[in-house]
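Each chain carries a letter (A, B, C and D) given by its place in the written order, and its residues are counted from 1.
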Amino acid sequence: MSVFIDRGDRVLVQGITGAEGSFWTKHMIELGTRVVVGVTPGKEGQSVEGVPVYHTVRRAVADVPADAAMLFVPPRFTKDAVFEALDSGFAKIVAVADGIPLQDAIQIRKAALSCGARVVGGNTSGVISPGLAMMGMFPYWIERVYRPGRIGVMTRSGSLTNEVTAMIVRAGFGVSSLIGVGGDPVPGARFAEMLPDFQSDPGTDAVVIIGELGGSMEEEVAEAMESGAFRKPVVAFLGGRTAPAGRRMGHAGAIVSGGKGSVADKIAALEKAGAAVADRPRLVGELLQRALGAASRK
Amino acid sequence: MKLFEYQAKDAFAERGIPVPERRLCATPEEVRAAAAAIGCPCVVKSQVLRGGRGKAGLVRLVASPEEAGAYGSELLTGGLGAAHGVRRVLVEEAVDIGRELYVSITVDPLAATALVLACAEGGVDIEELARTAPERILRERVDLDVGLLPFQARDLGYALGLGPELSGSFVTLLAGLWRVFREKDAELAEINPLFVTKARGDRPAALVAGDGKLAIDDNAAFRQGGAEPSREYFDSELAFRAAVEGIPYLQFDGDVSLMCAGAGLTTVVYDLVNYEGGSVANYLEFGGPNYKKAVRAMELCLANDPKVILIVTFGTIARADVMADGIAEAIAKLKPRCPIVACIRGTGEEKAVETLRAAGLDPLFDTEEAVRRAVSLSKAPRAEATRAETTGGRA
Amino acid sequence: MSVFIDRGDRVLVQGITGAEGSFWTKHMIELGTRVVVGVTPGKEGQSVEGVPVYHTVRRAVADVPADAAMLFVPPRFTKDAVFEALDSGFAKIVAVADGIPLQDAIQIRKAALSCGARVVGGNTSGVISPGLAMMGMFPYWIERVYRPGRIGVMTRSGSLTNEVTAMIVRAGFGVSSLIGVGGDPVPGARFAEMLPDFQSDPGTDAVVIIGELGGSMEEEVAEAMESGAFRKPVVAFLGGRTAPAGRRMGHAGAIVSGGKGSVADKIAALEKAGAAVADRPRLVGELLQRALGAASRK
Amino acid sequence: MKLFEYQAKDAFAERGIPVPERRLCATPEEVRAAAAAIGCPCVVKSQVLRGGRGKAGLVRLVASPEEAGAYGSELLTGGLGAAHGVRRVLVEEAVDIGRELYVSITVDPLAATALVLACAEGGVDIEELARTAPERILRERVDLDVGLLPFQARDLGYALGLGPELSGSFVTLLAGLWRVFREKDAELAEINPLFVTKARGDRPAALVAGDGKLAIDDNAAFRQGGAEPSREYFDSELAFRAAVEGIPYLQFDGDVSLMCAGAGLTTVVYDLVNYEGGSVANYLEFGGPNYKKAVRAMELCLANDPKVILIVTFGTIARADVMADGIAEAIAKLKPRCPIVACIRGTGEEKAVETLRAAGLDPLFDTEEAVRRAVSLSKAPRAEATRAETTGGRA
């Protein structure tokens, strides 16, 4: 079992002939992902790693049915590519582009919500279920980082992901599924929206969230825990505790806070809801050991 | 990117939002002449991007052109202005203020809409108010595709306590602010305070934008005529040079110069340096699209004369071997005199390790260990650091 | 029983202080309609026929709950007024304005569909259930036209409505409910969308539709009959049989035909589906007598 | 309101749609000069609103400026042009045509969207094709708020059999046509034919709008700078005068002049006149916003010198008594020499009946009866009609 993507899902790749698209298509297939068809306007008739390429998504799915769309498309074209995938009925879409205009991101998320689809990203490495399949760009071949296991991971940060999963593995665990919701202020899918999948996934014992300054996604996780909607142990890693107020460090998420979103607020909300919060990557492993020990004693 | 008040007000005026009569000035003489032309009393306002200009003495109501000119000198050629990086000044007619309101448009990431915020008390710090008295902030969600509808603005106008006439003006004003928000790809378009002028004789009360804040989405620069970054938007010369390169950079004044990949990881390394008792000289993200810019990044770091450079990455697309190549090249070119601690992992890390060793470094694999080593080096006397440099940058 | 409006519905009137708004509010109340609250920006605190007036719909419904919104608003402001009513959750809206911009009408209908609301109009006299209540502008006091009875009526034409209902009455019947969907090319609600209400209304024995050149609303009624979704007798009146091709007579509906929409096509489709079609108003009464005779013989 | 080809092409060109080089001319000399400037062969196209200009001889490919000038004379000062009301002529460069396509944007009333129609065969009568071979028309629904998305245009481009280059051009062209549709509040924006030029040497094949049809929504005139109706848009002087009054009017050449209220009822009266063996002189809607304009309406009717005027109304807001007052006033003022049949019902009909009787008419209450009487009167010799008139217009 896995969350979002497994070996049964037929994946369409938009932007498959580009440098990133073809490189990661090769790796997705090597991991075991069922990439069945690709799209790049103007390149119909070519193939990438044996995968046939079409001009448009409609032409592609008319010949080759697919379940999930993986977008290697530049940020300025991502809105169009997401709408193209939604138009063909895709309910699982991953967009990795870093630099999607904010107002495009709003329209992407709105369209996804109104179609009942999940759009993961942008500004993400994507999603992976180690040992099974991935939609995105993960160095799954580094064993000390992507060992298969029973810990779900959700992250707003690409660069912290490897750092934290390495600590999960070092503590003796592995990863069931990892969802990179992305570092943009308006991600297509939010932590709390993915929680039901982790709750119902028998392959996941606990979830690690890698949060950040700004926004309210961590608070929404706390709400889901308090309401009882999510009942598995949660370990949260939150960086930026010492960040000076009012300075914008990296990801744009922080600016759209509306008076909320400080790391201290997030930690308070999560701890109140029963999550264990780490402020160093190494602690994530230790807190997982404690949480799962406690859970198994129940 | 935040724009200056004068730019925001130009964008407002182009879209029918009433703004005070105003002139942008770059010399004290221009300030004096503008005050004479506009009429006194008038307001002289430093054009800087920081908030709290009033408290910092950067805005003043002046009674005469002479006073305007004298204050203009303080700001444009004197110590006060220099301390705050004032380069331009806006001279503005004084408004006969009856009330002050607040209104802005930003985004609601959860609902995936735009969000109009309004408050009957203007001039406030809205983030502070959101925390302490959220019920006093009116919120109106606006579908980005459908756009702001007049009834939404009208309802806000009446809720702000404006009468029929002023509610009508508010509908027009908010339609203009909506156009600013959409057409400029804004992250935030704010009027704070929004003045309601006093009715005087046969001139009825009216709305006037007292201040203007406009933050533009850098990601949309390609469809916004994409102006190059300009020095005046940045606190420091280094921050400006970094922006020209497209490298995220923040200036601090500690000892450890960060040259890390990814916002999340860099922020955590910043935390860890502080947890370990060290201090940060600069925050610099050398990853994503910049992972081949090691030489430029290290140049920026060295300009701070740090005690140590701390490089931490865990890259996938930003390949470890490519980054290592760049670092080796930078060391060869720039011959840094301070020690360098490198912790470079991810795609191609085996090759990266070889490259770093060949460049005289001692690569690590654990972030916390790297931070501890860097902080410890940053506390050593310079002499030791210099010794490290003589061994080829090995830390 | 009635369709759309009856004496239980609490009606809000937008534009209540205008000349038409106040005149017809008086008549709506006199017929028995429960008009509870009105809206005109700038007029809060006034009252019309004893009905309190508010600046905005939200302010009105905060004080006085209502179920249906009646819009006496000029065409250029109708889109805003409809969205204002939808925003406050109204699911029954009647907009009488003649001259709504076409692209506004598209947006009105789209919003109505996505809210699951019914917007009747524009370019209509509204809806009436004679003897009970109305939202709109009908000379209900003319007995030979608006006698209560058991025939449902739907019409695209205001001017033909009185003409045809007079013939229904002359033939010995009366009207249960009349819905003026309006003469615009893009009405908010369409004939076929109102049919389920007439089907389930025990007070309606048969439905008369007053159609027109252009568009496809009559064909949609035929489809509903053929699919079995609508099973009561239908008598259709269709004018414009002798209209010269390519000339635009009156209502704009005809232009958006896309190769369909001739009166001959409509008559063929309706007759094939089992409707009786009249080309003179007088025949409507006769065909009803025949249809209901036949129905009762079943 | 339908615009002329030259207006449509101006709107296209302003929004980046490629159109041929062209000049609008009002005299034969201008036509000759334009042909010389543009180069021959070139195309001379009458600017009239009717379709089928080619078949009617109103468009011609000319080989020289002299031929252009001569043809220009036929159109602008000769009988051919006069017969079709030609007032202006467009001189256009000849396009080296490889293929002809069809594309338009209109609305889908059922789905409540805009609708892009495209067809690989251009120059066709799309309504005819929709009837006979609907599968050859590509349809793409576009949400009015979201707007046309590039992928939709791209998919159409490939489906039309355009290659990668031309599909890219098609995306740009359709984005322009979308802007025309939205910004002009169009009911229909059509390019038919859309030419694909032949590739020639190093000039690749390209898209060019061969013709342009643009129908603007009269209801949106208030936000379109609302031009007054101009004579050139109308078949006849009377139709133009009616339009200036805002009165719906169609010119026919029969005997019964209709002066009725409401589109539906007027159309039915038109039918009934035909059913009864009569013929219509004009269709005129005297209702809705025009119900107080009886004098102007009757003036228009009388200009046709009809055998009879038939007035049928059943009004609610358009009150019967007010209409009757107007008719009485019109009779008094215009002293019509033909008989008038009046069937005026609705709000205030009791009072209307009195007014009409006072004006010498014999009001009826049944539409069919009124039509039968009017048709019968229209077949009577003029003498009898004149007699009726001498009795005060009583029919």
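Everything below uses one rule, namely that a residue touches a chain if its C-beta (ideal position, glycine included) is under 8 Å from a C-beta of that chain, and two chains touch if they have at least 3 such contacts.
Nothing here was measured: the structure is a model prediction, and the numbers come from that model.
> Per the definition at the top, count C-beta pairs in contact and tell me whether C-D or B-C has more.
The greater number of contacts lies at C-D.
> List the centre-to-centre spacing of chain A and chain B in whole Å, with centres computed as mean CA coordinates.
About 28 Å, centre to centre.
> How big is the gap, in whole Å, between where the Cα atoms of chain A centre and where those of chain C centre?
One centre to the other, that is 50 Å.
> Just how far, in Å, is the C-alpha centre of chain C from the one of chain B?
From the centre of chain B to the centre of chain C is 56 Å.
> Can you list the residues of chain C that touch 2 or more other chains?
Expected reply: 107.
> Give me the residues of chain B that touch two or more other chains.
Residues 143, 145-146.
> With chains as vertices joined when they touch, what's the shape: line, ring, star, complete or other?
Looks like something else, not a line, ring, star or complete graph.
> With touch defined as at the start, can you tell me which chain C residues reach chain D in the complex?
Going through chain C, the ones touching chain D are 20, 75-76, 98-104, 106-107, 109-110, 113, 125, 137-139, 142, 155-163, 166, 183, 185-187, 190, 210, 212-213, 215-216, 220, 239-243, 247, 249-252, 255-260, 279-282.
> Give every residue of chain B touching chain A within the complex, in rising order.
Residue positions touching the partner: 106-107, 109-110, 112-115, 117, 126-131, 134, 143-145, 182, 185, 187-188, 215, 217, 219-220, 222-223, 248, 250, 260-268, 270-272, 274-275, 283, 285, 287-289, 313-317, 345-347, 349, 367-368.
> Using the touch rule from the top, collect the residues of chain B that touch chain D in their complex.
Answer in residue numbers: 143, 145-147.
> Mind pulling up the chain A residues that touch chain D in the complex?
Touch list, chain A to chain D: 41-42, 44, 55-59, 77, 80-81, 83-84, 87, 107, 111.
> Using the touch rule from the top, collect the residues of chain B that touch chain C in their complex.
146, 149-152, 154-155, 158, 164, 167-168
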